[in-house]
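Presented sequentially are two complexes of chain A, the first with chain B as partner and the second with chain C.
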Partner chain A sequence: MRTALFGISAAAAVVAMIMMPAPANAQEKAAPKYVAPRTADGHPDMQGAWARRGVGLQESNAPNSPLGDFGSTGQPYPTVFNTGVSTTQDRSVLQGRPTGVIDPADRVLPWRPEADAARREFIPKMIPPASLAYIEKSARCVLPGPLEADDRHPYQIIQRPGYFVMMYEYNHVTRVIPTDGRSHVGPDIRLFMGDPVGHWEGETLVVDTTNFNDKTSLGRTVPYHSDALHTIERYTKIDPNIIDYQITIEDPKMFTRPIKIAGTFQAAAGETELMEFACAEGSQTLPNIFGFELAPGRVPANR
Partner chain B sequence: MKTTFCMLAAFAALLAVNVPAVAHHSFAAEFDATKPVTVNGAINKMDWVNPHSWIYVDVKGADGKVVTWRFEMGPPNALLRMGWRKDSIPPGTLVKIEGYRAKSGEPVANAKTVTLPDGRELFSGGSAPAGLNEAAAPAKQ
Partner chain C sequence: MTSKRGWRSRAVFLLVLCAAIPAVGQAQANAPNIARGPDGKPDLNGIWQVLNSAAWDLQDHSAALGVPPGQSVVEGGTIPYLPAAAAKQRDNFEHRDTDDPAEVTCYLPGVPRATYMPFPFEIIQTPKLIVFSYEFAHARRNVFTDGSSHPSGFPDFWMGDSRGRWEGDTLVVDVTNLDDRTWLDHAGNFHSDALHVVERYTPIDAGHIMYEATLEDPKVFTRPWKITMPLYRRIEKNVKVLEYECVYYLQEKRYGNAKPIGVP
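Presenting the complex of A and B:
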């Protein structure tokens, strides 16, 4: 018993250290001077299967949502749902690296008052949904936008000269990110996953994404965004098994200033492969989610 | 050894709780956390499909009638990372499954734990704390 208590205390102390945001300059000093292997065209090689971890728009002043949140509501729900395809590596590299919202440091999101009021009115109507518009977007198999991919599914990175390709198992998203210096598409083109263009800054790939539509969400308590959304991602391989990831979210119609989120991509095990993801077709949950009756006397949908 | 295991388990559990989670859709949209359910029955089949794996269990009622329950689980890649394999529970295996009922009232639920005849628990808690597998698995490359 004493051993177990000691173990828990020690673990809690380690976790506290991990979760403590480190000052930016301290982080830079502590960052290992890792130089990644190169692809044929001389850029850091980040190819392989990865698990994204820690990326999310958690806010400290969030309204209660009927959608709840895996692992943080206190409901008796298995924490294994959070483990995803995470992997394994020397976790000491992760120590001192904050995750989630890192700016603002207090995680009080810089809402425009009218936008905050609107979403606080919107959220209680999501369960039961007041209309189709209130159904959680992920349950409708809408593409995930910049933050809402389910982290239990792996990613595959493929690099070719002039391109950085991110394949998600989740919803079969494929982001083909040109790194050849081209500009964004014209402003009339609006896309669920936006239009990404990338460029290399030494060890870091910087991806600038614009041209979003307003049909995806940013989180359980940020159930939509505007078409003014703009993201800047930074991918830096800091270890053979870890890509440091930061994304800056700008949406001037929703927030008064940018929000910065940190996380990692962690190498998945060698046997990991992306599997078929037939969101609507593969889901047997639609009657449960939408609560409709298919027809009088219907047979339960056992396949 | 036991100390190491306890520390690792506690560490992994705490870490899992603190890592922001993103999931396919809300648990609350579909299931009722106030309606836990436990069934004992024989594995009928398992679907390894995204976005959720499903496990089907034939449960014999007091009247002798067999009802097939189906339980939603994590996606296949998540189950693989937790140690599940396609042959982990062949059809006919007697299991106890604990979970939470669907709001629809049908024999549908979200699985929390699957207990095998030898007492091993798959999917959560007990012998497979969150994150333990990831800490123990070999590194890439």
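Presenting the complex of A and C:
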């Protein structure tokens, strides 16, 4: 399903690029028209439940991935997976909004030649996986890194003075982003979600994230990144129901220059409540691949 | 893409229009020096952690390799098991090094065990929602303090369904819908799907919360019983909840050198 969705959004984006020569500029000009309500400490109030749309590292010169050959389910492994659905207002409000890779404009990612060659050698070994290292990271139920959350699940933002907290339903990720001026953790601490530090620039929350490990992926055709990864996110509420989102991806061991991706958080309708997404607890993906249970004991993984 | 148990993963619309919870008498603050929010409620925001060995055994126990010794946190000292349940606990204990669903299997630790795992957790408090974000397995609980009650028809969750209210300076959290596969500690103390937990978080000064949990489970215990322990505020400069991504390390250990089926 994910592959199909990405295909559609990539095609839509190409159309949008033809029709709209400078979507990023248009959006930047539009932003100041709306001033968001304030929290008690005077910053834009973005609290509530949201659906994330359009965020992904689609590239126009991607190699074929065997992970894409699994039809409408998008499930390359024998699993009991099911899909959740987040619920929002009409999606038509997203029309014309910047989506996916916006810089480089042609979506030809600025690969270092040796890194591009390495991943093109890596990808065919993912199905069937040659070993644990070749199994798609998002099939392992670990924290998803900066891009690879499943957007069929809602997000929720809560704020309190000095903190901006982004909660994902997907795999119960919680990003506690301090905005009180504290620094990053030391360089020897490496994290799946990195270490975020935020600050406000008027209407925009800017989040600088470092200290990533090299154990997550950026997309199906970017199946890993290095621990030099650094992201800068910008969250700007431009309408009561829209947060404009941009993320700049820097990984100098993989790419010669930064890549900028755009997307949207769209308000979820009603009083959406995040449910428990227990991933590793029910997953049979790895046991099915390897033929024996992940845990050595007698506790049933699934029932 | 990797979601399973989709019925657990849906966004659910809760129209909680008439949670008829009677107003609780606002006991006047009796603990000095505790932080308070604009609404006068205690401010529990911060990073907290226990300093005890309850994660290994809630009851009195001597040390073993990798197990710190400890005194019981159970009121009265011992857990009041029904006879058959006591036998199951002994069997669990014998198999604890392979069967412990949290420490060995990396499943979400459940409630109340998440509180006293030897890892910190962060409380993020807003008026209607208090989030508990635990370092172990990045477990999370949403404690709703909006007057809502437990929705009917929910399945069991590894971390249960939590609804909170204030009784004076005490946050009282009622927890139901708890999955019966979690244990209460590494010693095999356990419960059934009938477990009902009532937690009480009472700040006693700026740096400490007294934590109590009453466990009621008529399938396993002869009567409700209670654990009590202090939570200590982590006050190190720049302290943050980091990641203990248990399942990743277990996958590397179990499958890191294994061959997928069909791979020569």
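Quick note on the criterion: the second predicted complex is superposed on the first by the 225 of 303 C-alpha atoms of A that agree within 3 Å, B and C clash if a C-alpha of one lies under 4 Å from a C-alpha of the other, contacts with A are read in each partner's own complex, and residues count from 1 in each chain.
By our rule, a residue touches a chain if its C-beta (ideal position, glycine included) is under 8 Å from a C-beta of that chain, and two chains touch if they have at least 3 such contacts.
Keep in mind that what you see is a predicted model, and the values were worked out from it rather than measured.
In the superposition on chain A, contact of A:V142 is made with chain C only, not with chain B. In the superposition on chain A, A:T272 makes contact with both chain B and chain C.
In the superposition on chain A, A:Q58 makes contact with chain B only, not with chain C. In the superposition on chain A, A:P66 makes contact with chain B only, not with chain C. In the superposed model, A:V206 lies in contact with neither chain B nor chain C. Applying the stated contact rule after C-alpha superposition, one finds that A:R160 touches chain C and leaves chain B untouched. By the touch criterion defined above, A:D151 reaches chain B but does not reach chain C. After overlaying the two complexes on the shared chain, residue contacts for A:F192 are found with chain C alone; chain B is out of touch.
Residue contacts after overlaying the shared chain place A:S183 against chain C, while chain B stays out of touching range. Common to the chain B and chain C interfaces on chain A are residues 75, 79-87, 138-139, 150, 152-154, 169-170, 268-272, 275-279, 282-283, 285, 289, 291, 300.
Interface residues of chain C facing chain A in the complex, by the touch rule stated above, are 1-16, 38, 45, 95, 98-101, 104-108, 122, 124-126, 129, 131, 133, 137-140, 142, 144, 157-159, 181, 238, 240-243, 245, 247-248, 250-252, 254-256, 258-263. Per the touch definition, chain A reaches chain B in the complex via residues 3-4, 6-8, 10-12, 14-15, 18-19, 48, 53-56, 58, 66-72, 75-91, 99-100, 127, 136, 138-139, 147-154, 169-170, 220, 240-241, 263, 267-272, 275-279, 282-285, 287-289, 291, 300, 302-303. Residues 2-3, 6-7, 9-11, 13-31, 33, 36, 47, 49-52, 54, 56, 68, 70, 72, 74-78, 80-82, 100, 102-104, 106-108, 112-113, 123-125, 128, 130-131, 133-141 of chain B are the ones that touch chain A when the two sit in their complex. Chain A meets chain C in the complex at residues 1-2, 40, 47, 49, 74-75, 79-87, 128-132, 138-143, 150, 152-154, 158, 160, 163, 165, 167, 169-174, 176, 178, 182-183, 185, 189, 191-193, 195, 215, 268-283, 285-286, 289-292, 294-300.
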